[in-house]
């Protein structure tokens, strides 16, 4: 029972931190609202573009490269899902796990080499 | 505070699954459809993990299954987005209902 | 686990898989490091050699006893061997087709990738045939699916190919999720992912009538999810578009290898888990028998929808997509009937389907490449342009239509027998199947009409590349041999694999 | 050697196909000669068999049985279970049909010299068709029967669709679909019997169904037997054709090339009657008896319907097509009577109509080739230009309407004799049809041969039959008259078969 | 006392107590941030041979940052018309909350720790990734070309360096056999991981600088190209929260580095008379100083160099490091 309580308490703390993390900006901004001046003027609310008048919508299509990196991230990030439990349990698993993971990572490495050769990793 | 019953997880998963299915079947934007599919797969994850901890016969294999599901979900998303990008480059659209060149 | 246990496994059991994996890795590296100017066609031969070595090693395993390694996740039983054989033969033929595939645009650059992605897909299918565990089954399925998604979109510059790929991904993703949802319940109720253990738990639970409703739900979801993969109606919507848009060898791959794999996983899950499980507390019928009506419905709708919609297709690949939906329906008839011949019928039909469909796709690939169009009018006057090719194609079509003297007929006979020998017999299903066959005459003979009755637009003779010629000849020989002397195949099956008695042991 | 004889007989046309493969497609003469000669071995062999049978030798010496397909892995349990053997054999009835097929094939091959294009492909398909037809009559198990049955379908489809007249493709399609439907129904019957009894041998099946005492894979209930018989009736009814299922046959008769119509009307339609007698009467005699009234009624309907519609046709081919329907009604009437003379009449009608229809359609082909039409209003006064043709046409019509001394008379007489014994009222109504037959045939033939010269006949320079064309006409006419004068040559071979059927019917009744 | 509290069943009372304690920590962190900024400016000043802030609050400009914060507090709040208003307001909160949340699991000493979660390290990595969402949202919501570009760059950079960061930690996990931060510290009682995992440490340090968006990896807010990157349109206290989260991350990351590689509160041999808290803060300060030092010394990288460095150098090295570690461990165990 103690263990369960301690377990739940620990996550309660995390929740407390979450509340505080949200509360602080809210409170600070609320306080700021009481203190700060409010003198609206048209020019203040225009978008900043180094001094020239803003033209057309800024929400342009993202460059395709970003997606490619996102894909790479997804793939490699998920691989760490396998690496983490493996690393934690490595002591108990022994050499078999090492070989197994080696094969796994070699596959991954082939993937990386593939991306490399296909010039996916070039930011140009 | 008692621990959450299994059925709550199952219902949550079911709701998530249904939302995902609804989205996957009705949305026009292919990106949203892909996200909906991820939602369905995550519903599966909830199920598996809940069963693995609270099921009739708890066992670790559910969690292992989840690892694989997560991976597969990632792979599907990656492949799906890659294909979508290549489609977008040609057709300049991501709407599913505009992909109708292959009819009759 | 230490090195001793590691070495104690009979790794030889996985030899075919290892070979394919090795060749796939080798090809991917070769493709990466070979100079750009190098013609990557020759990689096809490496892939072919790999597949043939895998076939040889599989034949070497025919005599080995049923065994399972890796904690029962991988089991090599006669079922696995028999279906691996089909997969490998189909893959070998498709590789040869792919070698000759040369569309006008957008394939050259990705030729190297095609071969190893193809092998990984094959690997997934092979893993499925001998999985003893839900997780391995699922991983195999996904390996196959994901490879096929990319293969479908191989021609990046071709709008149809892109569209096919995205539709395939979306539908495949949905079906995966549905299957998995069902699997998660199966796991949750039994607490294990090992199929054999699951079976025992389920049998015990069902005997006391526990969780029947949830099992029904799980069964239904798994069935629905997998029927997406089989492209059986009403979950077939993706198939026509994907078949039409994909490069032709990929279409052949999807309709033969991928479909076979779909049936493999369906049989593995349904028969292992639900066959021995009682359908209710009274235990008179097994779960599968009480729920076989769902499979029957799928089969019936597939046959009717596939054949009827195929009637109004002008695009040859699309027509074959619908025809392949119908054929999936025929095989489902065998599964839903659950007679003595189920395994025989499914195996033989898939084998026959492999031969006739691959042969047909070889010709289709040749004609559509040459004319750069996929309209059935392109076949007009084929009889004049290449009499032998026309005759071969005619035999494949006759076989698909189930005319005697061809493998397709014997396959259908087997399925009929399976459906009618049970008591009560599946008369409705058999009638639908045979009605569908008659409807299919319309469109199959429509192609014949084009080939033999219509004048050709051009009298230019058709040059048959060696690869396509080989596939056509092999398929033709097989189709006729198995049609005239089906016992060559049946005896082979029974001699090497018995009656699949070790499936549930 | 003896046991290979039947196989040689069936597959000898295939040998012709091989020979044809080696001949260049442009060599018209050689191709046509090879095609005609390839039908001769079958004819010679069947004549040999017939003569030796009449000479008293036993046909069972020629039967052959080889292991072929075995489904399932049951060799340890019972090597016969789910086995389909390659087994060919002949009895008197089958022998007659084989002879008819062989004769008509040769004659049709001779008639095929008028084919104007793609002779090579034509003769290859023609020979394949002959193999199928021969095989159908000899197959001893239902699966084999079905295989040969289907083999006839494909070449016939192409022959109609490629070498026929204006609406040939449509005709080919309706031929394919109707017959495909028929064979589909037949296949269900075959598979039910095979899957449940574990054998498809006709003798074994008739034993299992009627005598019983064999444990089946799954039971065949009484109701199911009726269902199967009705399915058989539908399956063969399409082929025969029986009244509501006949429309395809009209198209084929009008559109197909004349030699093929000869074979089609002469043999292919008869497969329906053959199957009905073999399987319907052979396997389900008891059920057949219960349904015999319906069959007789169907026969009368066929007879009258065909006759009435033939009366109002303006196209000679259509007249003949409807007359075929009408004559097939007589077969059904004979079967429906279900007594010795009825069945004998039915079988006689099968053979005799085969010959007569072949003769008439051959002549139609000759006329069409010369005049380019067969529409009755355009014809007339043929006797002026083509006296021989007109004469033979008249003779054929006489045979068809049942003039005593010709084969048609015997068969009609016996069939009606049979029905008068069992159901005089129905027979009386049916007899009306005979009269109408005479009326429509005479109307058509007289109008063509005599009367005012038709526009088409006048404007063309038409010649009479040439020597080659005389061969089929004379041969067919000879057969027709021989049977009419000396029916024993038919009834002798049939004796055993009919006795067997009668014991089947009586055995159950008693 | 804390053990009792943890053992008691969770409820509102616990919540209240934790809340108070966490508030204390928050104040400490805010204090840290205030003086870390000052320290940074001072250190930079000295390294660049100038004074740094020296006017407000005495000789060393002790109140300089306090004054800055007050100024920000009373600054007028402007939200551009074209902006996506709800998202614009939400973005700083999304950026800040995770930064504070990750601090919950850091063990400062064996007694002074808030949440002792079994998968503490995983928690840290998972939560810290969320800040990116805030930054991208801020960039997107501003509807400003600079901001959007900055936001996208931030996203690309963060995901690129997340992988080496995560992989470099694997060596530590392999050695410690646990994801719990306390266990990791315990495992270092006879040798800090910086000695056993030098490669891992270097990768971790580089990747963490990138994750913190600090020079030389401060492309998302590169002043010379993007004006101020994703927070161009932010001003006043909203802007302050972006800055705040950046410095809280500095705090958290330095703490994590201390825990993972420098033995946490563990003392140097023969010097365990000095309390753990002091050890921790010494090591922690060292890391913070190191980070400031790097910032002053190195120039900003080009965008393409940055990405390629992450994927082509750090990732393969990190992968190799994992297997080197595993192999060594296996060999050492055998021997």
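Lettered A, B, C, D and E in written order, each chain numbered from 1.
The criterion applied here is as follows: a residue touches a chain if its C-beta (ideal position, glycine included) is under 8 Å from a C-beta of that chain, and two chains touch if they have at least 3 such contacts.
The structure displayed is predicted, hence computed values, not measured ones.
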Shortest contact path, subunit B to subunit D, counted in steps: 2
Tell me the fewest steps from subunit D to subunit E, where a step is a jump to a chain it touches. 3
Which chains are shared contacts of subunit C and subunit D? none
Farthest from subunit A by Cα centre, which chain is it? Let me know. D
Taking each chain's C-alpha mean as its centre, the one farthest from subunit E: D
Identity of the most central chain, Cα criterion: C
Any idea how many Å lie between the Cα centroids of subunit A and subunit E? 13
Taking each chain's centre as its mean C-alpha position, how far apart are subunit A and subunit C in Å? 41
Measuring from the mean C-alpha position of subunit C to the mean C-alpha position of subunit E, what distance in angstrom results? 53
Report the inter-chain centroid distance for subunit B and subunit E in whole angstrom, where each centroid is the mean of the CA atoms. 32
Would you please write down the residue numbers of subunit A that are in contact with two or more other chains? 8, 70, 77, 94-95
Could you list the positions in subunit E whose residues touch two or more of the other chains? 9-10
If a residue has to touch 2 or more other chains to count, which residues of subunit B qualify? 1, 75
Give the list of subunit A residues in touch with subunit C in this complex. 93-97, 99, 107, 110, 113-114, 117
Which residues, counting only subunit A, touch subunit E once they are in their complex? 2, 5-6, 8-14, 16-22, 24-26, 28-29, 31-33, 35-39, 44-50, 54, 57-60, 62-63, 65-66, 69-70, 72-73, 76-77, 80, 83-84, 87-91, 94-95, 98, 101-102, 105, 108-109, 112, 115-116, 121-124
Complex contact set, residues of subunit D against subunit C: 67-73, 75, 82, 143, 146-148, 150-151, 153-154, 157-158, 161-162, 169, 173, 176-177, 180-181, 184-185, 187-188, 191-192, 194-196, 217-219
Given the complex, residues on subunit B that touch subunit C span 13, 17, 20-21, 24-25, 30, 33-34, 37, 40-41, 43-44, 47-48, 50-52, 55-59, 61-62, 64-65, 68-69, 72, 75-76, 79-80, 83-84, 86-87, 90-91, 96, 99, 101-104
Parts of subunit C lying in touch with subunit A, wherever the complex brings them together: 1-3, 5-6, 25, 28-29, 32-33
